[in-house]
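Two complexes are shown next, each including subunit A; its partner changes from subunit B in the first to subunit C in the second.
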Partner chain A sequence: MYWLERHQLDNLVKKLTESYELFGPRRDEVSGEIIFDRLSHPQQLDLKAPIPYNPPKYILFPHYEEILKYRYDRQSKKVVLGRVSHLKPKALVGLRSCDLTGILCLDRFFLGQEFVDEVYLEHRKKLFLISNTCVRPFPQCFCVCTDSGPSAREGFDLDLTRVGDRYLVEIGSKKGQSLAEELGLKKAGEEAAELKKKVVDESVSSFDAFALENKAWISRATNRLTTGFIKPEVWEYIGNQCFECGACSFVCPTCSCFNVEDVNRLDGATDRLRTWDSCSFEGYTKMAGDHNPRKPVEDRRNKRFFCKLSYSQSKKYLRPGCVGCGRCARVCPGDIGLPNVVTYIRREITGE
Partner chain B sequence: MSYHRGVCNFCGTGCGHLLQVEEGRVRGVYPLPGHPLSQGRLCVRGWHLHELLQTEERITTAFIRKNGELQQVSLAQALDYVTEKLKKIKGEEIAFLASPRASNEDNYLFGKLARAVMKSNNLSLASDAGQEASARVLLSGGSWPAATGSLARLKQADFILVAGGDLTKQNPIIASEIHRARRAGALVVTVSPRKTQMARLSQVHLRPAPGTFFLVFEGLTRILYEEKKIKADYLEKHTENFQAFFKKLDQVDLGEVVARTGLSREILTEVAQKFYQSKLTYAFYPTGVQSLGQRTMAALFNLMLLSGKLGQNEGGIIPVTGISNLLGSYDLGLSPAFLPGYLVASEEKNIQKLEELWQTPLSRKQGQSVSVCLTENESLRALVVVDHDEEIIRNVNRIKELELVVYFGAYHNNFASLAQVIIPRPSYAEAEGTFTNAERRVQLSRKKVDPPPEVRPLWKNLTELARALGHDWKYQSAEEIFSEIAKVVPQYSKLTYRQLESHLGIKWPCDEKHPQGTDYLQLPEAGSKFRFVLEENVRPQAQSIAEEKANFPFRLTVGRSNYFWHQNSLMKRTFIPKREYNALLLLYPKGFVEVSEEDALRLQLREKQPVRIVSESAEMTLAARISPDVLPGQLYIPYFIEEMIPEFLLRQAAELEKNEEFFLPVRLEKGG
Partner chain C sequence: MEGSLVPIVTVPEVATVVEIRDEIDEVKTFYFNFDRPEIEQAFKIRSGQFIMCTIFGAGEFAVSLPFSPENDRKHISVRRVGKVTAALHELQPGDKIGVRGPFGNGFPFEEIKGKNIIYVAGGIGLIPLRSSIVQVLQHRAEFGRVILVYGARSSRDLMYKESIREWKATENFETYFTIDRPEPDWSGEVGFVNQLVAKKLSLPADNTVAFVCGPPVMFNSVIKELKLKGIKEDHIYSTLERHMKCGLGKCQHCAIGRTLVCVDGPVYTYKQIKTLGEQI
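Now for the complex of A and B:
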C-alpha cells in the first residue's frame, strides 16, 4: 500500500487526464446533488461527496449505443458491415464499492459466459478504475447486507481510503502499480493494513447510526425467493404499486438487460442500436403469436426480485444481484424499491 | 459526454432531468435528483425522451407546395412566400393554432403575431376545453386560475380527492406523490367510473355512472349543508355569496344523486364527513382534453369553499395539465377568451392596456377557437399551426380548401402533409425557453445541442415575419422576449432568466408582493372575497339518453394510455414506448373495447371475440377485451391510437373529447 498526500491528489488527476477522459462524482450547482459525470475540470471531482444519484453503468453500457452499422447494396445483394467503435479510454475516479461491484456483475454477464460481448469488452478494456472506501455510510446504503461494501476488495486499479487528510492507496493491477510509481507515492508501512481495517470496521459499525433509510433482510428474502414460497397476494400487492416506468432497472448498477433495434438512417445505412430495457415492461417478454409468459404486472415485478436475490441467479454472479446502493428505492414512483419489497417479504414471513 | 440539467417536455408535471449529451446529440436521460416536484423520478415517457430527440424523422428544411408537391426551399424563400400571402389576408380570415408544448417565449410571440400583426383574435390551442373551463371556474370563484395549493406539502395531506382521468398514466409523477401521501397516512378518494390504477392505489373508489360526476360533488356538498358541517366563520369572512349558494343547495335532491350516480348515500356521507374533518385537503382533476365538465369543476370548487379549504394552507385545488406547457399557453393568452395574464379578452379596458404595451391597435372582434373557425367561419382563408403531432386531424376537408396553411414543426407527420408551407422548428433541447408546469412553476430550459443548420427557433422566424409585415420587432434572444412577457403578464412580472437560472423553477405569481414566487393561494385581502360559482350550465346530455336506453343500453367512454401520449405520434419515434404500444396492438390488431365480466357472461362473449359497437350515427367492429376494470353497462375504448380509431370514433371524436364526463350511448352486438 501507498500513501497519497492531499497535494498529490491533484497530480494523480492531472496524470490521468493525459491519457483518459475523466469521470467522477461532481456536485450539480443548482440542485446541489451528486452525479457521476464527465468532469470538465479536475476541480469538479468531489471525493467526499455522498453516493452519486446515477451509477457509472452508462459509461460502459450506454443508455443508447450504436453497436453495428451496415449497408445493404441492392445491386450486388451484399451487406457491408462496419464496426462503430471509436472509444476513448476513460478513468472512473472515486467509485463507491457498490458501483464497482456492479461493474463486476456486468462483467460476469457480458464477458463471463459462453459468448463474450465485444462491444462491452471494448468499453471495459479502456477503463481505469479508482475506487473510494465509504468511511461513513450514506442514508440509503445497505451494502453490508449484500456483501459489496463499504470497501472494495477486488476489481479496481487503485483503491483509496481516506485516513485523516490523506489517502491510503491499495494497488489492484499492474496499471495501478505503474501509476503509483510514476507519481512517486510513498510506500505505506506494515501498519497500513491494520489502519484500513480499522477505518472499514468503524464504517460498518456506523451503519446503524447513519444508514437509516433502508434496512434489507437480504438472507431470509433470498431463502424465501429461492424456495418460491411467497404468496401471490404479496406479489399482487407489490405489482399494483408498479408504475411500469423501468427506472429500477435503469438505475441498477447490475441490471444488464437491453433491447436491440435496427434503425434505417437517411444516408441509406442501418444502425443497430442497443438500448437499456427493463423486465417491468409488458413488451419485454412478449413472444410471437401473442403469448406472454409474464403478462400481469405482478409477474413482471417479481421477476426482477428473483433476478436480484434468488439463489439460482446469485450462483451465476457468484453473489447477490443487488449491491445495496438503495437507488431503486429513490427513483421508484410506486415506492417498491428493493428494500421495501424485502420488507414486505419479511412481513409475510413474520406475520407482522 | 456529460449531463446537462433540464426539464422534461412531455406532460405538465415538468420533472427535472439530466440529458446526457455527446458530440452534439442527446444520448441518454436520467432523473434530476433534488427537483422540488419530481425528486429524482421520471415516468416511462420521460425515461425515453432521448430516443425521440435522436430521431431522424425530423423536418430540417423549409418546404413550399407547388403543383400539389412539397418542394424543398430555403428558409428565406418560405418566409417571403408566407409574407406575401399574409399581406393579402385580413384578421378575421386567418386563424392561429398554437402548441401547448412550445415555450412561453415562442407562444408569446405567436399570440402577438396573431393579435398585433395580423389583427386576428382567432387564436387557440387544439385540445384545451378543460383548461379553459378550469381557468374560468377558478377565476369566477375569486381564486387565481391555476393550482391553488402547493404540492410541496402533499405528503402531509390527510385527504386527497382525485376526480377523473388516470393520473398514474397521464401525470405519473404527480400520481406517485399522491401514492406517497397515501403511504404516509392520507385518505385517497378516487372518483372515476373505470377502475384505473389510481383507483387501485386509493382507499376509496367512487364509481359514478358515466355522465354524473357533477352530481357526486353537488351531492357531497348537499350532505355537508344538511348536516350543518359548514365553516360559518370562514364563509362570513371570506366569501360573498354563500346565501345564494345555500338557496341553490336547497334544490339539490339527494335521492336523485343516489339514483343517477349509483352511489349509496352511506358512502357519500362517509366521504363527506372525512372530507369535512380533514385539515390539509387536496383535490386533483386533469385538464385539457378529457377533463371534467365546467359544472363539475364548479361543484368541486364550491365543495372546497363550503368547507373552508381554500386559502387556509398548502392544500387546495390542483388542475393537472396533461401537456408540458399547457398552463403557460393560457398564462400567455393563447385563447379566444383571455389576453396574456388572464385578462378577459372581451373587455375594452384590457384591450386598451395591451394596445398601450404593444404600441399598436388591436381588433375588437371576438375571436373564435380554431376548431370553431374551421367548422363555422366560412370566410376563413388561412391557418397557421405550430406542432400538430396529434394523429387525429379534424376538419381535414376544410383545411384542404384553405388558401394558406403554414406549419411550424419539428417532426414529419400527417398534418405537415396537409400544409402549403412548412417551416422547421428546433426540438426543445435545441432552443432556450421557459415552460410552466401544473403547479405554476416556471422553469428555464437551456439549449443543450445545436439544431440542424437550417433550423432556427420559432421566435426568430416569427420576428422576421412580423418585420416583413411592417412591425418593428427587435427580439434578439429568448431572454429578451421573456423580459417583455414580464411586463405584459402580471403573474410573471418579477421573473427573470437570471433568477430562473439559479432555481429549479419559480411558481407564479412572482410580482412586487411575492418577489420569490408564491407557494399557495392566500386568503383574499380585505375588500375582496371568494365567491361560490353559481353559473348554471346546460345539463350534460343525460336526459335525452334515458329515452334511448332501450336501443343503446351501454355507456361508452374513452381513455388514455401511458405509452401513447395524447394520441400523439411522438411516442412512435421512440423504441421502448413504441414497443409497449405495439405489444398491446398486436394482441388486438383492430383495437378493442373493454366489457365487464358480468356483461361478457350475460352476452356469452369470449375474449377477443369480434363485436360490433353501434351508436345512433355509426358503427364499428372491435375485439372484446373482458376486463375487471369496467362496470356492467359500461364500455371503454382506449382512445389513443389512430389504428384503433376507425371512422366511428373520428366522426364522434369532437363529442367524445369534450370531457371525461361525456359518454356515448351504444349497443353491443356479437359478430364482426
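Now for the complex of A and C:
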C-alpha cells in the first residue's frame, strides 16, 4: 500500500485528465443531489460525498447507444453498414465498492458468457477505475449483506481509503502501479493494513440495524428464490405494489436488460439503437401477434428478484446479482425495493 | 456436416432475396444468398437453430431455419404478424436483408441415430421441423422408422406443399396429413393431430424420439398422447419462441426462469419445458 497526501490527490486527478475523460461523484447545483457524472473541472470531484443517486453503469452501458448504422438504397439495392466507435478513455474516480462490484457483475455477464458483447467490451477496455472505501452508508445501504462492501477487494486499478487527511492507496493493476509510481507515492508501512481495517470496521458499524439484521436473510431468500418455494401470494402481494415504472432497473448497478430498435433518420440512414429496458414493463416479453407469455405483473416482478438473488443467476455473475446499494429501495414508489422483498420472504418463512 | 459454426455476432451480413414464394395465407418463403462468397461458403447451421434477420429500415426479428444443414437452399418462412414481418412481406426478389447467426442449440441429430423418429406438427409448426426432417431423410438409412404427422385447419393451411408432395413419394417415410374439417377433394385424414397420434401410431416407445411443434393447445394434447404411448419426457423435443432482441444471451428478453431461449434453447425436451415455470 501507498500513501496519497492531500496535495497529491490533485496531482492524481490532473494526471488522469491528461489521458482520460474524468467521471466521479459531484454535487448537482440544481437538485443538490450527488450524482456520478462527468466532471468538467477536477475540483468538482467530491470524495467525501454520500453515495451518488445514480450508479456509473451508464458510462459502460449507456441509456441509449448506436450499435450499428446502415443505409439501404432500395433503388440501387446497395447496402452500406458498419459500426463506428468514437469512445474516449474514461477514468472513474471515487467508485463505491457496491458500484465497482456492479461493474464486475456486468463484466462477467457481458464478457463471460456464451458470447462476448463487443459493444460493451469497447467501453470496458478503455476504463481506469479508482474505488473509494465507503465510510458513509446511507440508510438503505446493505452491501454488508451482499458481500460487496464497504471496501473493494478486486476489480480496481487503484483503491483509496481515507485515513485522517490523507488516503491509503492499494494497487489493483499494472496500470495502477505505474500511475502510483509516476506520482511518486510514498510506500506505506506495516501499520497500513491495521489502519484500513479500523476505517472499514467503523464503517460497517455505522450501517443501519436493518442491514445487519438482513445479513442472514439474504442467503435464505436466495435459497427460497432458487428452489421456487415462495408462495404465489407473496409474489402477488409484491406485484400489486409495483407501479411498473422501471426505476429499480434503471438505478440498479447490475440490471442490464436492453431493447434494440432501428430508428430511421431524415437523411435516409438508419441507426440501430440499443436502449435500457426493464423486465417490469408489460411489453417486455410481448411477441408479434400480441401473445405475452409473462403477463401478470407478479410474474415480471418475480423475474427481477430471481435475477438479483437466485443461485442459478448468481453463477453468471460469480456472486449475487444484488450489490446492496439500496438505490431500488430509495426510488421505488411502491416500496418493493430489494430489502423489502427480502423482508416479505422472511415473513413468509417465519410466519410473522 | 463439416465446417465451422462461427456465427455472425454483431454486424449483420448482407444477403439477397433471390426468390419469394407464397406458402399459405399471410405466410411467404424467402430464399436468400449471402452477397459475400466467403460467407456463403462458411455459413453452416444445425437443424433447429435460428437467425436474427434484419429488414433494412424496419428492424430485426428472430426466425427459425427450415432448411437442412446439408444441400438445401437457404430460406426462411415467415408469417406477417408485426411491423418488421410486414416490411419483409413487402420485399421483392433482388432486395437485400441482413443476417446474424445462426444461434441456439438446435435439434439432436447424431444422438438420435438408430432411433425411430416421430414428427408432429401443427400449422406453421412445420417450419422449424422441416430442417430436421429433410436432414434425417438425407441420412435415411441411419434411422429407424421415420413418421410425420402434420395437421392444419384446412388443406389451404398446409405449409410446404412441394415438400409434402415429395415426402408422400418418399420410401420408408410414413406421412399422415390431417385437416380439421372434411373437404371435397381431400383424401387425407380429418381431425386433430392428437387424435391421429392416438389412433394410428404403435411404436416401440423405448427407442423412439418425438419432435413436436405447433400452437400451445395442440402441443399439450399431443404431449398427452405421446406420454400415453410410453414415450419418455426427455425424448420429446420442441422448440420455443420468445421475443428476442440480440440472440446472444444479453438482452434477456427471452428469459424463462433460469434459461435463455436464445442460447440454452430454442430446443428443449418436454422434461425441461415442464420445469421452466412459464407457459410455452
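FYI, the second predicted complex is superposed on the first by the 334 of 352 C-alpha atoms of A that agree within 3 Å, B and C clash if a C-alpha of one lies under 4 Å from a C-alpha of the other, contacts with A are read in each partner's own complex, and residues count from 1 in each chain.
Simple rule for what comes next: a contact is a pair of C-beta atoms (placed from the backbone, for glycine too) under 8 Å apart; a residue touches a chain by one contact, two chains touch by 3 or more.
Keep in mind that this is a model prediction, so the values were computed, not measured.
> Just subunit B (first), just subunit C (second), both, or neither: which does A:H86 touch?
A:H86: touches no partner chain.
> Examine A:P333 and indicate which partner it touches, taking first as subunit B and second as subunit C; both and neither are also allowed.
A:P333 contacts subunit B only, not subunit C.
> Identify the partner contact of A:F258: answer first if only subunit B is touched, second if only subunit C is, both if each is, neither if none is.
It touches subunit C, and subunit B stays clear.
> Classify the contacts of A:H7 with the two partner chains as first (subunit B alone), second (subunit C alone), both, or neither.
neither
> Could you tell me if A:D277 is touching subunit B, subunit C, both of them or neither one (first, second, both, neither)?
Both partners.
> Contacts for A:F115 in the overlay, against subunit B (first) and subunit C (second): which applies, first, second, both or neither?
In the superposed model, A:F115 contacts subunit C only, not subunit B.
> After lining up the shared chain so the two structures overlap, which partner does A:P62 touch, if you call subunit B first and subunit C second: first, second, both or neither?
In the superposed model, A:P62 contacts subunit B only, not subunit C.
> Name the contact category of A:F306: first (subunit B only), second (subunit C only), both, or neither.
Touch partner of A:F306: subunit C, not subunit B.
> Does subunit B (first) or subunit C (second) touch A:K174, or do both, or does neither?
Neither: A:K174 stays clear of subunit B and subunit C.
> Quick check on the output: what are the common subunit A residues between the subunit B footprint and the subunit C footprint?
The overlap between the subunit B and subunit C interfaces on subunit A comprises residues 259, 261, 277, 286.
> Report the residues of subunit B in contact with subunit A in the complex, numbered from low to high.
1-3, 5, 16, 18, 20, 27-35, 40-44, 46-47, 50-51, 54, 56, 168, 172-173, 175-176, 179-180, 183, 197, 200-201, 501-504, 562, 575-576, 579-580, 582-584, 586-587
> Name, in rising order, each residue of subunit A that touches subunit C in their complex.
67-68, 70, 72, 74, 77, 79, 81-83, 109-110, 113-115, 117-119, 228, 256-262, 264, 270, 272, 274, 277, 279, 284-289, 293-294, 299, 303, 306-307, 310, 312-313
> Sort out for me which residues of subunit C touch subunit A in the complex.
It comes out as residues 9-12, 14, 16, 54, 56-61, 81-85, 94-96, 98, 241-243, 245-246, 248-253, 255-258, 263, 277-280.
> Using the touch rule from the top, collect the residues of subunit A that touch subunit B in their complex.
Residue positions touching the partner: 28, 30-35, 37-38, 40, 53-54, 58, 62-65, 240-241, 243-247, 250, 259, 261, 263, 265-266, 273, 275, 277-278, 281-283, 286, 290, 292, 330-335.
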